[in-house]
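Both complexes below contain chain A, partnered by chain B and then by chain C.
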Partner chain A sequence: MSIRVRRNAFLLTVPAVVYMLLIVAYPFVLLVAYSLTNRRVGAPSEFIGLGNFAEVLSSSMIWSVFGNTIRYATMSCVVSLLIGLVAALLLSRLKGTGNTLQSIIVLPWAIPASVTALVWLWMFYDLGGVINWLFERLQLIDKPVSWLGLSSRARLAVLVPNIWKLSPFFAICLLSSLREVDNAALRAATLDGAGPIRRFFHISLPAMRRTIVVSFALAFLWSATEFPLIYILTRGGPADATHLLGTYSYELAMRGGFEIGLGAAYALFLVPIALGMALLVWKVGQWHRG
Partner chain B sequence: MAQRMRRPAYAAVLALLLAFAVIPFWWMGVTSVKPDKELYSIENPLFPANPTFEHYIYLFESTDLLIWLRNSLIVSAVAALLAVSLALPAGYAISRYRTTHTKLFGLSLMLGYGFMPILLVLPMFALAVKTGLYNSLSVLCLVYPSFLIPVAAWLMAGYFAEVPVSVEHAAQLDGCGVVRTILYSAIPCARNGLVATFVFCFLLSWGEYVYALGLTSSSRMRTLPVGLATLESGDVYAWGSIMGAALLSTVPVLLLLIIARRRLAHGLSIGVIKRDGSNRQT
Partner chain C sequence: MIATCVSRTLLIGLVLMCVISCGGDDQSHAGDQERTLTVLYLEIWADSLNHEFHAVCDQWAKSSGTKVIVEDIPLKDLSSKLAAYVDAGEGADLAVFPAHLTILYSRKLADFSSLMGQVTEELGPSYEIAAMMNRVGDKWVGVPLFAWSHIWVYRDDLMRLEALRVPDTWDEAATVVRKLTDHKKGVWGLGIGLGEDDDAAMFFQSLLWAHGASVFAEDGQTVVLDSRETRDAVNWLLSLYRDGIIPEGALGWDGASNNRNFLGGTIAVTANSPTIYYAAKHSDTALAANIRHSVYPSGPAGRYSYATGFSLSLLKDSPNADRSLDLIRYIMRRDNYQRLIAAGEGSVNPMYKGVDALALWQHDEKLLPALQSLEIERPVGWPGPVTAAAAEVFEQRILTDMFARIIDDNLSTDDAVTEAASKVRAIVAKHRP
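Coming up: the complex of A and B.
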């Protein structure tokens, strides 16, 4: 490989690298620095070492918000993946799916998350909300239910908008991956007497493996760092039951007590999750490159 | 025979899934044309009895909706343009050169993508205050590329990988250096991909919430996603106008998706999933 090629490869990436260092790496270093101080708004800050982390780990909140984050991301992604898979399999049987239909399907994923949050907030609303009306019609409940007012119910309710948002993402990714499944192999398997279920598990699913891992990791990353879908629906409530790491950190640092140091410490617990998922996406993206 | 019997079941499941996707949009639309006193009626909430445009009139005349709309357009367009221009050479490098450097660069881009806005909003807030950019549109334009550049670079890498290198060899034989090869050969060949990347970055910025909430404070500096969420504060939820604004903010998304869908879906699959090395200079 010539020096010219190496030099070009390096120079072409310089603008992006410099910019990312300035607006990602530098703020991240600041975040770590904040987490080591008792910084608050309107007070001088002092270096307190790992004091914030000691406080975080000794409070019961960390287990609750960390658990919520993992559970929220896992449950949203698993359910959305299954819905997306079913949708993709069904859509792939439709001959000549129109572009417009596919654009409508991805719409829940593409619209602003705060719009999603607001429309679901209104749908979940106890007074006049369409979900209560529908469930009463179907005789699943006999009087209006407060979906977001009770901890256990709110934890499930906040999953729904995220599933609504992510299922189309999975559906579109898996659909385009299904389109590339080897038709000859499918036909050969049919001739050999393999039914649709065996064809799916032995041919289609292995072919979609990479797409599934990449889309799952991305969706997990988005869900673990989700903000508006929680913040607008419940503000982390009732009684902090639906807070995720990110929303709680924001609440501490940017709204409530302006506890910037402590908020930064909470935010840092997201880093292993986020980097783990990013690494997974990269790794799997590399598979094909050898 | 068995095949034929299963078809209605397939159709039913698909219809159910589509209903799940579409009902919230229907609910937005219906709510936005209902008069206030009809909002909580449970007679037949899925259809408006006396449709009215009063909420839309209210939105345009008495709220900052048009300002938010303008802000969102400016921020999304500028941020997307900035991100695409920074990511374009990087994406080209990833697709054309397989060196240790580009490999490491690809990895760090992806890791950089992991630092989502919610992680960085605290230090960004402090930096914005310090630099005097707090509560301005420019701070959003400058900060949004943090989550756009990785996506844009990977998408561009995918689109460039599809441009045959033979075209570029011709340009190089004509004496073009790498910059002119990109400008006169790679960019024109991958222009559809470029547009799709821009559209995708635009959409990501259009929906961004965390930075927009944390780095601005006055209503005149709000973008649409944050602005319309402020309509709900106060004692009375103005559901009619909130849903009207929500619907208005999804219209551009739908239009852009219809225009760019084919290239986008294609780019997403090649960008992340299968860029092979057949098209590289080594």
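Coming up: the complex of A and C.
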């Protein structure tokens, strides 16, 4: 490659690099800087080193909020993956109408999260919500259920819209991976007497492994950093029961105590999760090369 | 060859884009900024008031040669939007602040003492509650704009069916809402949000004060939440909740849920500003005719209501301070101010005694309790002053969470109150200099 071509190639990456620096690196550096101060809205701030992190680790809230985040992301992704896998398998068998259905099922993923949250909020209303109306008509319940008012139910309820949103993402990713599976291997297995289930678990699934892991890692990260769904549905309540790291750090910094420094420290506990997922994706890349 | 041409073209295009976006005359840009004011305005449920506020600003803009951009902010986003404005020191020239935030940010806000002299000369003396929420020492840190009175809202037709009259005390209120409950008809006697919204926090404050309880003592530092009176107040509400007089789902309600459920006919009584009546007048006049209001009931310690006031304020080092003050003067001119109050149709109250709001509302007697409520309203932190700690207790929903811990986590009233008190003490300790 000539020097000129290399130089042009480098220059063409400049916008992307500038974008990453402005949108990703600069806010992150600022977040770290704030976390090392006692910055509060409307008040002077000073450097306090790791004081915020010490306060976070000594508070019971971090374990509750971190636990919520991991649980929320794990349950969302596992259930969405299973639903997406079933959908992908069904779609792979459809000819003709399959493409139309593909376009339709992607809609939940395409709709903005805030709109999704508002619709589900309306559906979850205890009085007049469509879920309670339907369950009462089917005589599954005899009085309105509070889906968002009690912590045990709220923790499950906030999962539902996220699963609804993520399942199409898994379906599309897995469908394209399924279509890449070596047909010759499948035909050979059929000739050898392997049934559909055996073919799936011994040929298709191993071939889809990389796609499954990468899409799981992405979805896990999105779920762990979820904000609009939680904030609109429950605002992290009742009594902080559904707070994730993102919503709780926002609450601390921009609402409750206006403690930007402490809120920043809480937000930084998402970094290990992000690094974990990045490591997983990198490992998958290593398998592929290996 | 083609690839080289394409990459060169892209490169040239990129450079041109950068030049165009960075270009422009600095002088003219600075001039535009001086002639533009950005106002962060609270978007309330009375559309007519929102439109009128925009209209007043537009009129001032025409007469002053200044462009005014009014940004409508929903209440639930106002605190965080204002936090960003105050912290960054830019993004707006003037803003509508919930009253406890003018106290919280008082160090960074301008001094309106001189302007308040002009305003009270124009509109009459302000209600005591306005001063409590906007004055730090002798300095006014906000110009009181309007207040939302929190009052009780009744279905008059259901009350008449049961031959009930408007309760005067909290105990009478408990009897009334029990009699109005009819689960077979899908009606709950009392529908008050007990979740993360403002309604719950306001209701709890009023309930506590009436029972002789409070979060803070008069010094604003001593936490007195852990008391027998607090337990009595909590148990009053708890008995109604456990007996099914309040919908179970109220713990998950947002600020609009009680409005929606009252308008939908599933709750007979609620506590709210007159916005439910406003909505009914515009969508269901038959229901509006059956709405009745009263001030909060009286308890063993008296009759109190939580004050939600909103004020105009700006940062003290704002570059457009003179123009912003001029706009405030224009908004607070009697004719313009009365336009706003009239347009609100009772959903907001004036903060000045010289404004005859009832006349502006066509002498609608149903709105009289909203005005009467101004005399019994108290701000967050009362009987102490409004402090940063008191504001944080309100914003963090300590009282609401206290109730949720009893219902949701099966804590006893004693343990929940003790836990809430210790949370408040931790907040006070954080704010000590």
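Following the convention adopted for this analysis, the second predicted complex is superposed on the first by the 261 of 290 C-alpha atoms of A that agree within 3 Å, B and C clash if a C-alpha of one lies under 4 Å from a C-alpha of the other, contacts with A are read in each partner's own complex, and residues count from 1 in each chain.
What we mean here is this: a residue touches a chain if its C-beta (ideal position, glycine included) is under 8 Å from a C-beta of that chain, and two chains touch if they have at least 3 such contacts.
A quick note: this is a predicted structure, and the numbers were derived from the prediction, not measured.
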Looking at the overlay, what does A:238 touch: chain B (first), chain C (second), both, or neither?
second
Of chain B and chain C, which one touches more residues of chain A?
B
Could you tell me if A:225 is touching chain B, chain C, both of them or neither one (first, second, both, neither)?
first
If you stack the two complexes on chain A, which partner ends up touching A:5: first (chain B), second (chain C), both, or neither?
both
Once the shared chain is lined up, is A:77 touching chain B (first), chain C (second), both, or neither of them?
neither
After the superposition on A, what does A:254 contact: first (chain B), second (chain C), both or neither?
both
First, second, both or neither for A:154, with chain B first and chain C second:
second
Return first, second, both or neither, reflecting whether A:43 touches chain B, chain C, both chains, or no partner chain.
second
Please indicate which partner A:62 is in contact with in the superposed arrangement: first for chain B, second for chain C, both, or neither.
neither
Based on the superposed arrangement, let me know which partner A:15 touches: chain B (first), chain C (second), both, or neither?
both
On chain A, what residues does chain B touch that chain C touches as well?
5, 8-9, 12, 15, 121, 125, 127-128, 250, 253-254, 260
State the interface residues of chain B toward chain A in the complex, per the touch definition above.
10, 13-14, 17-18, 20-25, 27-28, 31, 39-42, 45-46, 86-87, 89-90, 92-93, 96-97, 99, 101-102, 105-127, 142-143, 145-146, 149-150, 153, 178, 203, 206-210, 214, 224-226, 228-229, 232, 237, 239, 242-243, 246, 249-250, 253-254, 257-258, 261-262, 265-266, 268-269, 272-277, 281-282
The residues of chain A that touch chain C in their complex are 4-5, 8-9, 11-12, 14-15, 41-43, 121, 124-128, 143-152, 154, 234-241, 250, 253-258, 260
Okay, in this complex, where on chain A does chain B touch?
1, 5-6, 8-10, 12-13, 15-17, 19-20, 23-25, 27-28, 30-31, 34, 83, 86-87, 90-91, 93-94, 99-100, 102-108, 110-123, 125, 127-128, 130, 133, 136, 164, 167-168, 172-173, 176-177, 210-211, 214, 218, 221-222, 225, 227-228, 232, 246-247, 249-250, 253-254, 260, 263-264, 267, 270-271, 274-275, 277-279, 281-282, 285, 288-290
Show me the residue ranges of chain C that touch chain A in the complex, using the header's touch definition.
3-4, 7-8, 10-11, 14, 79-80, 83-84, 86-87, 104-105, 107-108, 183, 186, 194-196, 247-254, 257, 260-261, 264, 266-267, 392, 395-397, 401, 404-405, 407-409, 427, 430
